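Quick one: this structure, given as structure tokens, is what I'll be asking you about.
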């Protein structure tokens, strides 16, 4: 479904990704793992078009998307939930959600999506009128994901949903994401929280210093010595 | 003891970014500060380097209270820092970048240019010295920033993720450089994510999570601390 | 390049170095000397007068560039400070009978003091706010000059005695010529010195500059004060050159005129704005017959420059030099590449 | 590719500049043949805030010279428009250009006082006689008197405001004497726009009305172009003034002042000097301008009406008596002077024109009685640089407006109706 | 000071403020969404006045329609300007956007002012009245034109506000001003939003100019005063804060009216500017501003 071939990318002169290739299949829950600062976020930014790769190609559903502007990539059905949420803090929850469905003109569809989202996140339904800026960290995360869903995406890129969340909430968020894959949304998750993540995803890639160092199903990765050593602290 | 913080707290609106953090850094050591993203490490560093004024707590440097002093004053007292995203003066030449710090760093030099050049050689800055900083690559900029920080005659160097963005092959060189800086008599506090780097250079580390310090001690000790594991790697039991 | 340098004898090298300290390259000296003889070479009084005005605007633009280019604060109240200098000198002369020469300096100091105050008040803020606040203060100065009729005669205008008892441009040319050269040398010297390093550092990254030990307040205020001093000095000259002052000289449109010259010349170069004044002022004077269309062209040029070449003349020069060097490098082979 | 577009854009800009220069050269190279030419520089603000007046100047001067076939004796007249942009610095540069480039022999007219003061220097330096600048302010008189070299600024076309305001005092006093008006109090408010013109006029009115026993309770000048007069009028209302006097030269401001004073129902007789100068002010104010007093030249004579009609036919708008009519007169006065000079000296150049002005014009030997707005334009040593002011010479009638039409109410010799007092001011 | 004077001043200040609101809102919008300190805003006000004048006199349209036409004219001109200037500027911009775009607006202002003068002439083009008559209440008398002009301004502000709040496109504009990257990720076409924003802002200014035509005749340089005033408002309340301009506009209007009354007309700028500077010194982001790195 999504395929990155030998991507190099970065900001100006600062190269971040080197020769990254990965593949996400439809309906799967895939994680991109690795410590902070290795380029996971950059990878997502490159897929979503915010960063243009200096080399390599990105394919989505048989269409080359590298080099397209962000809006067009969004319209193809890729929804990117950033780590800071990119919320419109001066707007209400409801308005934020409606912005999520900006590209969908069919009002009935928007309504359905809203219902679906409120079902997933009942908390948001209670706080429809609240300003996004005045919500707590967990609620903001939910809103960001909910907004990402409003687009009716085929693929969701989710960046560190665990960031700044209490462990209990992290679980909730992960479960929600898992549920999404059951209703047909493919999810590419970026996480540094290796243990938790590997328990829930189908497969994963490990990024180190801008390059993919390991890949495999979650089972394989959990048993991988290198990962055990570096990330799980099991020597 | 070179630097000591006692119960430092920093808030942004309702959010407590740093909560009651106390650490002690001894002269001549490399002190690591780790923790997951958003744990408040950079905020804490900003409190020490004077960019933020903490709401509560006290920071002492060489037995002197320095809480709330401006970065400029702190620089003159001997605290220098680098930034997470490398900051240079893009339209000045590399040499001038360092010269600014030599001239204004608080100590008079007879020949600032010469001193700056020596420092650039020391950190292994390999490009031509009269190139505009705008034209340098990350590695060169990082070395330049280090030279600039050293140029202020600092006794304490605060490094914010210096190793981020380096390729694995560049890392050993860099670790070596940090060690050499320490050996020249500069105490270092560094925030880092790259574990190899932490394990390679740090004498002691402290771990922050949700703005609070959850552990402090020698490297081995910390890495096996269950509390830290949980913070970093998440809850063990997921169903 | 290296071989060339080593050929130079010690003396020449020394001289060159010393002059370089004053921002005087051989080309600059040559141009200045040529300009100095201009009144003898050019018989045309009109052109001479244009030169005077070009020098005036060039000097103003250099002063403007010191703050706009180096500490990145565009002083929108610049015309107000120029007017302050002009009025100070004029009022000292008419009310106290103080010589216009002393008055001009007094006006410059007055503007500098005001610049210092404005600096202390505004420079804590980010660039844009400081610019707007300076603008408001300039507007207040203008409104005060208009309202305090007892002192300034307001809109009635103030008759000011000239420096010399003549209207011919030659003596005025030398006055502004000296002002311009001194300003140029001082500004070049300042910007090439450690002070200039501090200014540049603050303008390009204030936070990094602070960590290097540069006190932002102190150096920004110094910079602003010098820049305003230049404005006041030119104001004084204007007063005793034109012979009449009205509050209109403080209006924003004059700031914009200076700003346009400074930006077309290229920020952070000092020489760019000076050169630009010699291009922009005569060209647009020349286009007088076009009436309104002259200003339409003015606007068009401004837009084109900003869209296609925001760096201005100075950066265009650097760009040409860059191409030249690149060619040279290609010829001499890759070893001499400093980036290697 | 990138480099190319960059170079391309530079090339474009350069091309633009070069074309401009080229087009400029084309403009300049129109040299004249062997015939004798008198080059006349006309100083006027064609751009900037006073551009409106400047345009009217230009049209009027063109018309006046067209009427004599652009010839004075055997001299062809070449007109050079000097656009001063209402700015002293731009004005002097432009004048300088006219002197050096176009070699003007003589200059005429001008509008802004501050420009006039700056130009006096230029004129003195080149010893170019400059006839009939219209800047009125006292600053010009001061400078003129300070040094004989400034006498190259040959007389002002306009008398200092101070000499003109007495007319209003006379009108009002007369009306009170005759019992046409019994004001409820003798409180007066002075207003004006904050320009040399507005202020000097206000100051003069203040002085003269005070001398006549009026009490000035408020004197205030608004910014040029201000259109919200509510606070000012509210103040006048609260001070209960029965007479309001002043002048505002900016049309939107004066229209706003007049309209808003009626909206707010200001209970006072209003003097609004220079209102008539805004040609077609009625289209801005409507009936709010009824009862307003003005001291303006007016087109009353047949000659004047013919001029106004011709002007309208030629340029499509009504000339104002000041910027149109007076300028017309002064241009023709200048033509007369030039003809006389030619007769007397046999040639026309800056020396003869200057000499003539000092010998004949300043002594009152040559006057102009063929004008459309003033009975006789006369200058002499006692009044210089102003024209001689008096009932037979330079005087403007006081008029009262009704439905945009001016009715002369003073002086008695010209008057067509009595002063009418509106109900609200009784 | 008796009560009629106070109410006179208040009414005067509010009427004046209404126009400031309309002008300042557009200025604030353009800065909030596009980061352009618009120096040419007053020129759209001028265009509006001219459009309305020509619609009234040449077209013979009734005032209300003339004002609407002027608004449309302003919209089209604004969109056009954005496409030919800021769009290429943004594509090429490398840093220094604020100063560069400011200079572009200064250039636009030169061009529009002088083109107007060259094409239409320096005449003051005005109509004596739109509707005529005046409305009296409680001892106050205000002309109908003023009241209606004020109502038009308020209606425009209200409609515009509803547009921003309630419509999909309006929400998109707000979203862009809140978080540009976020908006991009929602599939919002920034280029379209930018053009639309600039056009709307120009439209508001044009409506203001058109609504006041009977009070202020059209002439080429008429835009300068309203430009200054709207800058005062925008800076007073904080750059980019669109809601707060409503309060700020009235505030500046009343401050000016009062200071003009009590100290004299020539002091109104000194007073209002001094107040703004004092506010900025205490609160550098303006009365209601959010912290913004500029």
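First chain written, first letter: the chains are A, B, C, D and E, and each begins at residue 1.
Rule of thumb we're sticking to: a residue touches a chain if its C-beta (ideal position, glycine included) is under 8 Å from a C-beta of that chain, and two chains touch if they have at least 3 such contacts.
All figures in this text were calculated on a predicted structure; none of them were measured in a lab.
Engineer: Mind listing the chains that sit against subunit A and also against subunit C?
Structural biologist: The common neighbours are B, E.
Engineer: Which chains lie in contact with each of subunit D and subunit E?
Structural biologist: Looking at subunit E and subunit D together, the chains touching each of them are C.
Engineer: Which chain maximises the distance between its CA centroid and that of subunit E?
Structural biologist: Centroid comparison gives B as the farthest chain from subunit E.
Engineer: Quick check for the class: compute each chain's Cα centroid; which one is farthest from the centroid of subunit C?
Structural biologist: A
Engineer: Identify the chain pair with more contacting C-beta pairs: A-B or C-D.
Structural biologist: Answer by contact count: C-D.
Engineer: With centres defined as the mean C-alpha position, give me the subunit B-subunit C separation in Å.
Structural biologist: Centre separation, subunit B to subunit C: 41 Å.
Engineer: Give, as an integer number of Å, the spacing between the C-alpha centres of subunit D and subunit A.
Structural biologist: 74
Engineer: Mark out which residues of subunit A touch at least two other chains, giving numbers and ranges.
Structural biologist: Not one residue in subunit A touches at least two other chains.
Engineer: Counting only residues that touch at least two other chains, what does the list for subunit D look like?
Structural biologist: In subunit D, the residues touching two or more other chains are 47, 194, 221, 223.
Engineer: Using the touch definition from the top, which residues of subunit E touch two or more other chains?
Structural biologist: Residues 114, 117, 264, 266, 269 of subunit E touch two or more partner chains.
Engineer: Could you run through all the chain pairs that touch each other?
Structural biologist: Pairwise, the chains that meet the contact rule are A-B, A-E, B-C, C-D, C-E, D-E.
Engineer: Given the complex with subunit A, which residues does subunit B contribute to the contact?
Structural biologist: Touch list, subunit B to subunit A: 36-38, 136-138, 161, 163-168, 171, 193-195, 210, 223-224, 229-230, 232-236, 238.
Engineer: Residues of subunit C touching subunit E in their complex?
Structural biologist: 74, 121, 124-129, 132-133, 136-137, 139-140, 143-144, 146-147, 256, 259-260, 263, 291-296, 298-303, 306-308, 310
Engineer: Inside the complex, what are the residues of subunit A that reach subunit B?
Structural biologist: 13-16, 18, 35-37, 83, 160, 162-164, 167, 170-171, 174, 192-197, 199-200, 208-211, 230-233
Engineer: Could you pull out which subunit C residues touch subunit D in their complex?
Structural biologist: Residues in contact with subunit D: 44-47, 49-50, 53, 146-147, 149, 153-159, 162, 166-168, 238, 242-244, 246, 248, 283, 285-289, 291-292, 295, 297, 301, 304-305, 308-309, 316, 319.
Engineer: In the complex of these two chains, what residues of subunit E are touching subunit D?
Structural biologist: Within the complex, subunit E contacts subunit D at residues 1-2, 4-5, 8-9, 11-13, 15-16, 114, 117, 121-124, 126-129, 132, 134, 141-143, 146, 212, 215-217, 219-222, 224-225, 256-258, 260-261, 264-266, 268-269.
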